[in-house]
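Read from first to last, the chains carry the letters A, B, C and D; within each, the first residue is number 1.
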């Protein structure tokens, strides 16, 4: 894990209130795996004080061939992300990373179902890229994507360019299916596209309510599911015990989202 | 003079420190977590997360809220207990070459004594810091550290349970911090550290619920620095034992303020979260100040406030 | 519903306020200073700079230091005294249509009574706020507001010196704020306001002198908000009289936190310096929140914290 | 007095650590007089919290003819000025002003001696412009300017362009006279350029030590001298009583630098 002062390569609005930032940081890019995150210091002053966590959206190769850029996808929700949205290219940004444990990718995967809710799509792009490059037996890679409205449905083109099949649900019906992404999951699991078995894996990221639902549905099917959790963080190194989540590991113990996660097996979590 | 060696060593009630920069309990884990950023043997001491006799699971979530220039935490003293600390965490710390101080607490006087006693003969521990900001479960939740008599009792009891140097960490949530300080000095403390967090609260106005599941939490960070500094000054004036300054120290200027106010050493807490190299940055900032001001020995700076 | 009139009025121990947004003593002068920015009659009330019987010159300079998310002040209660207040400042305020609350203090119980008595029959003053965070000169400088018995005595005495509604403003520099609150309630206070500033300090590391000539000063601003909010909640839970929330309120979200915690009104202090329109901005933010949440009467929001 | 959100027109380094910022604010420019100041909010966040005071360096006419711009000249000394130095043109800046009482310019002035120490030169440029335009009997306008080194001696050209005679002292001798600006003042008062009498006025701005010295020297000569003071400020409207200074008005009373000043008659002040 590194602390680096890196250059912002770009910082663009991709949809109202959603931004994508590219950062030149070979130290982090070269060792990061999908699902890991970075901690960004949003101000040189002491308000806001704490760093903000953002999952790595994409890990990019520079011209030379080795990984050197990371991208994050973020939504303005408060003062930290507001400040970030005003940062300019060539400016320095203070990063800590890569943090945590990313998705574990079983090279025997034949079917991968990615489930993303809103900004939860962020880690799934680099995940899709890695699955494609690492799973030689891959037959089907499908993304179920949900959002409140059409503006909250991000990166569809990028996924399609990778050959991922994308199905979309919006709560207001402004794009494709009107309803929740869990509807898409239920539909999928009932359809003939779905092939049960140990070579089918599910990966989900999104709001807690969605993850809880997805976990329940998946548990009934008995297939493996990795989910990416969010939690309020102070240190992100496992020192402060601020970010813990209740898990079944050894009965009922807290695990640290920052260090033991943010990716967990869905059946590990005790939902409140 | 610019190149003559600087003497940064200080002695805190029998604990010899390389330099006055320590970590604050609960903000540096068991050292290991920050090893990628900080040479643990470079610091004055590592004060580990508060240890109780038995493991504790701590409070429900959320446990953390950011505030202006600070943060509230309600971790609730989650920890793995004395046994697992000794088995799983201590060996790494000893190997790292760090000077190790164990922060301990209990929910009754006896429990304080028990954990002190358990750590007494353990190799590698240079001293104990006792956190008296915990509710005394037996006395109906009243905090040991807010009543001079209770503070005396608990320190006196721990004093008899250990031969290790004893640092007593004070709670700032009191009317007269100097009075508490005198009590714990009388009870046999070798040093005093302050301040622990200040009780605070935050409310989510949409849900109308507290932002912390535990309702209130402890405020730390630069927001509290002026209060911490005032209390350190008040305590250092009236006690003979060394004082360790804690509270919102973000950089070497902050650290120097505490030393000038009378602190023989300082602890860095919340700053670690913002800048994982905060401790070593503070250390080199202090060295630079000493060079710039031709101070050869840090001890000559302690308590030099001119009023 | 969106266009039905909102009821923002609150009654603070007999003082009828248009709305719960007041100014904090010492941060808004005598109103006049902020008249270019704020319609004084638009606010719940103007609490004027603390008034003593005789004029006071206050403390030497410097009197102000900025800290992280806050500021220390050691103005030392400089003021023009009750007579000049009545002659020079009150007429303008009355003309402005503002609801006026006089903040008063003394250095002995008798002095508190004298100034209360002097203002008792003055036309235009709707209530008194007594600041008990002042050192009791007779008792060797101990602060009235840090001891429940002394707090009782001073409030009890003032209560007998005036027929005006009496707000007692509490000092946060205490172990148990609820205990002091109950004392002043028992002594006849009609309302309680809190918090006053928290004692703090800052040091210039170049000169090794305190940054304030008075050595210590009072910390105010957003840095102290979590502490203030916790204290307001603790007090509101155990008292029957209305509570006014003060401390680090910068915007309407902050104000609403205090109201949900149990405050019937709030005071805006340091925020005026940062944004001279803070009070009116807070007022319109509260109105927006009420509309968005379909709250017709602000009174129905007071103390609605769900725990 | 106004609170306005104005556009930065330029923000340039004029000498190492010294910057000049131009701001488009007709509200303030059209009513400001030399010696008044503005309060700048340096951050939208709450650290730094308080506004920073800066005296008006220049009041400029826009093309249309009415005053619409103010300029400030500032030195980086701490975190607020550091942040300001990074502000960009076209960005918004939150101002309060014009604050306080400026220099009173007697239209009968024949000789005006301006004394500036370091950044204390800031208000003297607009003052010189006003004196020139308002004092029809003006015979001599001289500026005595001091600084630590040559980098601290600012605006010489601007003054010379106005026809002001500039004499410079630097402590390190890197420019003209080696020594203090008070040396220049003493020299001047001994020289034949100096004409005693009520039509000679002195105006000074700089560090307290300099102002104290200047006041003493001037007092002995019995000529009128206005000085511009600095003080820590919170409100700048006369409400907080943080910025007071001891004066002889009515014995020994505090006056407010923000409201009663920042310009005072030198013989009013009780120096500590």
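Criterion: a contact is a pair of C-beta atoms (placed from the backbone, for glycine too) under 8 Å apart; a residue touches a chain by one contact, two chains touch by 3 or more.
The shown structure was predicted, so the numbers you read here are calculated from the model rather than taken from an experiment.
Looking at chain C and chain D, the chains that touch each of them are A, B.
Distance between chain centres (mean CA atoms), chain A to chain D: 55 Å. Each chain gets a centre from the mean of its Cα atoms; for chain B and chain C, those two points are 34 Å apart. Mean C-alpha positions place chain A and chain C at a centre distance of 48 Å. Shown for chain B are the residues in touch with two or more other chains, namely 68-70, 221-222, 250. Each of the following residues of chain D touches two or more other chains: 46-48.
Taken as a graph of touching chains, this assembly is complete, with every chain in contact with every other. Contact residues on chain C toward chain D in their complex (touch as defined above): 26-29, 33-34, 36-37, 49, 57-58, 61-66, 68-71, 73, 75, 78, 221-222, 250, 270, 272-277.
The residues of chain C lying in touch with chain B in their complex are 67-70, 72, 146, 173-176, 198-203, 205, 207-210, 215-216, 219, 221-227, 229-230, 233, 248, 250, 253, 256-257, 260-261, 289, 304-307.
On the chain D side of its complex with chain A, the touching residues are 43, 45-48, 79, 83.
Chain B meets chain D in the complex at residues 68-69, 222. The touching residues of chain D, when paired with chain B in their complex, are 46-47.
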